[in-house]
């Protein structure tokens, strides 16, 4: 790390204030804007950080160019985790950290962080919030949607907190950032995988028709699977698709297509 | 450790016989005698060990003075664990171990040992014994109380065994005492915490009235908590009180007072 | 290890082909042939490997003598695991490994490997296969036995795969064989013990008669045990027999005799 | 009952706003629970909106765009379930079934946009190279708002303008097709989960997948929170061991170094 | 039915003995199961004593004096439940409710004694400084027996002498007060548990708290034994790892030292 | 119904084959599921065979010869249950009870053979010392086939030839004996499990025994597969730690060695 880093104009870098970080948190509510399959979240990711970057580097066009360009690389993670990473990036920029290193941290983390973020926000917060709201809403009470909206306002603005967390993590020595993120991704992996394991039986529903029997005898097909291991079919389907992705590099659209064809076929055969 | 330790009169220390230790175990049935909030178990703790100490140190008043004085410091642990510690103390006295060290071991251990002792005797032995006795007693059979009394006779006199265990642990090199107790408290902590976790839902009962609904709609308040996590209220209450103790240093009587006020309030509001 | 090992005739050792190993796998379907309490599986174990050994050592009677003799020592393990060990032994023979070492590996492994093999084949594959087959067969459908026979054809011929696995393990440096088997037995122990723990309640059935009450009161005897811990009797019986084997070195036939006497006694007393 | 033009227009506005939220994932207003609530207000039957929202929300819980995928659209499902329950007088459950084709339609639109918009980053690269923040931000906001308005307009069409023909088209589906799509819908969440496994599943985490699976299969839990609690607990236990491993190593190195002096 | 003087006197004796046991926690005769049994014998209705004992024991299971706290008194609850069932002819369950105020009364007395007795250790310090074992022991036994006899006497008052006025006083409580105290009684065990957590809860043990909690919430167990079994198993697993860590370290130091020679 | 001589003879053949399979444990044709199926075919009532096979298989699941023990014989149980259901016209469950003595008889025969055959390895030692493969293999196959044929013949006797007298003998058992044997049969699987524990139970694996036990006691599982899944998961977690311990050690040694140079 350079002692007393400067921008290309030779001016010393400025420090970000707490309100700059708060603003980053609010900006990043649009982190996923202009999403496309090409670069996914790169546009929003870059845009959100521009005000903070300008604060640090002043109006040096040269620096801004570099910054915008290297950030426009492919990027996709869970939005709250994106905010956290944005905080880390700005903190490292502020210290004049080598951009190779910043890129390394970002590219190494967005995948694993997506894992934890999705486990938390998509797969734990959403079903619990929805569960509570639905139980309130069942009889038509507006308390249901109001609670839902309320919780998600908090979840939305929690980005401010994630921005701060990321900023303070990023301010640590680079080495410590490494250790911290290693532990984080380790823990995240365990939590995420456990939750996904539990979601398989409740999210994926696939079962043979109740009345479907083997040609001979009256035992139903589904009962045999249940005898083997309840929910074995959802488990198998998830692993099958996982394998298609991982080993066969099939793309998502193709998989979705196959699923739909499979559904139609099963319906036609009257098997499911 | 001094080679050939003596008492203040210059007489060599004596060894305790097995029956001395047995006697210690029986004595310690009164370890909690004269309990007060000031020093809790210190009186009984000290009293129980006097016969053994006299055996070792002869009738040297000087030594006895010192012994009684340093033992009258604050002390509170689960009674069986106290017996174990008493055994350790006498063993170390017998070896002429430095009293600073003895005090260190005692003060370092009585807290964690309370944890394991309470987990075992208050929170595992009692509910199980009670459960069995109640199931026998339900229809009025005296087998219930007899079994209860019988089990607790064994539990009471098990102190003899604890005294022996403590004595043999204390006879080991001080260093090994350290290692052994470290492992012991580690394991104790895990066992104790697991059991406490399980007791929360069965011991603490707090729930909103069955018929209490939110102003709008007919969903009951309690059902929303159950939807979130069954037994979440008992869990929350335990953590709240834990936090009051730990961070706010509120004293027990005040907490009990608050709980009673809270109960009265909930009753008045007809919420619980 | 001798570089360029030879047989007693001074001829260089030959390599086994893939089909030799396949043949070993098929041969070992009879690994348990001529079983007696004296040496248990030693005869089949030895016999199965003779063709492979002859391939390596040619028709040197001297070598074959030695080979057959040291293999005729006591041997008992789960048959599939035996196949795996046979593969390892032939691989080591092929490398001219010292026979002391081969014997060491064999004698060190057949016990632990029996543990894992039995856990897998007797205690996991069998109940699951039987469960599925029975659910299909309940209404008389021949699908039941056919599925059973089908699965066990696969299980039987899986020995070919085990032979290959063993052969490739045995071809590794002896040191690595050591590490691999250490991890293997560790993992095997955990899996096996977990499964056995679960089988206790479902395989062992022992309970007092429903209507048996204590002399006084109407609480049934069995309900008290259930109150203490469901399935505590099966657990206790397994530990009792385990203790008889381990500490008292009682032999199996005697234990079975006692169990039968106990059953008759309980029946006579009308307690069970 | 018929929708009035004003209601159709208001739905256009709500649809646009919620769709914008769906693109940014800012406040989760694109979830059926919220979108259906707003629709209920517009149609003058809040209770219907809330009830349909609850039913639809639960059915679409697994429909996430994890990993950038596009599932049958929860926003369209939320709005159209209320609209169809309102216009046909059917129950929330039946309306949920009827709204499924609209969710598929919107899924198609979503995929289209995310594919076509692949030209956007290339333009943005150019602006970035010139540090032209104004055009950079302008393009980003422009395309996003365009997609939102477009979807809002489709909602207007489906609910008001083309009500009759669209419904006719939908009704022309034979039952086996509708049912087949439902079967597929039940399986679709597996795609999101498999996608997620691509990032979280490693040799070290495999065991935990099965622990979670077995818990959910054999314990009666109201939601996934208890599993998350256990998952966090197991992660914490592992974290402590990993930390001790590292400390150990550090100490060992130190001790190794120190030991020279002995 | 009325109690006779003899019965009142015998209750005084049983009360004194059991209270002494409560102070020393020697044989758990202060638990309702035992105290109620003795009371039943005295009242000539063993079966009633046993039944009331069972009901009260279960209700007061959580009432422990862990950490030196004083809960609503299980001894008074045990005795008075039988007495009240006997005198009022009510069921064990109803009598349990009626006995609650007496348990609170005794709780008050207990707290008072343990507070007032704070003077005792100071005196004992003096005797200790003089190695005066006789007075040391004398004071200890004296104050303990005094408390026991005092409580025995209160039991005598409550059950025999002041039966009528006390009951009148108790009956004057409005229902909301009695119910409120019951609600509080349900929460009180949390105090003992929280207290215990002060010693057992550490960063390393947190996960296990939740494992225990989830087990108890979602498994149907007759008591806490299965959790204790699992807790012991987990403790054993952790113990083995901790031991290996230490061995590793020791070896590493040795090896480090040895390696110089290589 | 009576068996014909041809049927008796066919049962002899099936019995011999399945018994040979029982001795080698090659294809599990000695399990009731298969043996009863074949018997059903021979008796011309496949459905009866299959149904009896299912009932018997479940009852004998725990009857394993783990560790070289000999349990009540599943093969005889499988065949005789079908035969008895066929001849007496009783239900499968009743026939299962009646077949129990035959399973005990065959258990006795099995123990006898495995004891008497202890002379075999001594002979084999001699052949081995002479590298006489021909006689070595010949003796092995000879004794094995002899045992199989012998058992096949006993099946022939039980099912056809001595039908009447054997049944008379069996019926002469008082109920308490039959019931007593059933009680013992329920406990017998404990022997196999205890035997297995001799090899798998170590200080390190103790905890897992209880984890498995608690799972099976408190979760409703159709079979042992979920426990095997969890067992594998726990084994994998432990494996990862053990591996890290070893790596750590290796590194520590290296680092210790390297540190000299610092």
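The letters A, B, C, D, E and F name the chains in turn, as written, and every chain counts its residues from 1.
Definition applied: a residue touches a chain if its C-beta (ideal position, glycine included) is under 8 Å from a C-beta of that chain, and two chains touch if they have at least 3 such contacts.
Chain-to-protein mapping (UniProt): A, B, C = PTS system, galactosamine-specific IID component; D, E, F = PTS system, galactosamine-specific IIC component.
Note that this is a predicted model, so its numbers are computed, not measured.
The minimum number of touch steps linking chain A to chain C comes to 1.
Among the remaining chains, those touching chain A as well as chain D are B, F.
Centroid to centroid, with C-alpha atoms defining each point, chain A and chain B lie 47 Å apart. Between the Cα centres of chain B and chain D there is a gap of 52 Å. Across the assembly, chain C contributes 128, 131, 137-142, 144, 227-230 as residues in contact with two or more other chains. Shown for chain F are the residues that touch two or more other chains, namely 204, 206, 208, 210-211, 213-214, 217-219, 222-223, 225-226, 230, 232, 234, 236, 241, 245, 248, 252, 255-257, 259-260. Contact between chains, per the stated criterion, is found for A-B, A-C, A-D, A-F, B-C, B-D, B-E, C-E, C-F, D-E, D-F, E-F. The residues of chain C lying in touch with chain F in their complex are 29-40, 42-44, 46-47, 50, 61-62, 64-65, 68-69, 71-72, 76, 79, 111-112, 114-116, 118-119, 122-124, 126-128, 130-131, 133-134, 137-142, 144-145, 148-149, 152-153, 155-156, 179, 183, 186-206, 229-231, 234-235, 237-239, 241-242, 244-246, 252-253, 255-256, 259-260, 262-268, 272. Residues of chain A that touch chain F in their complex: 226-230.
Considering their complex, residues 23-29, 31, 33-34, 36-37, 46-48, 50-51, 53-54, 57-58, 61-62, 64, 66-69, 111, 113-118, 120-122, 124-125, 127-131, 133, 136-137, 139-141, 143-144, 176-177, 179-202, 204-206, 208-218, 222-225, 227-228, 230-232, 234-236, 238-239, 242-243, 246 of chain D touch chain A.
Against chain C, the residues of chain B that register as touching in their complex are 128, 131-132, 135-144.
If you check the complex, the residues on chain D that touch chain F are 203-204, 206-208, 210-211, 213-214, 217-219, 241, 245, 248-249, 252-253, 255-257, 259-260.
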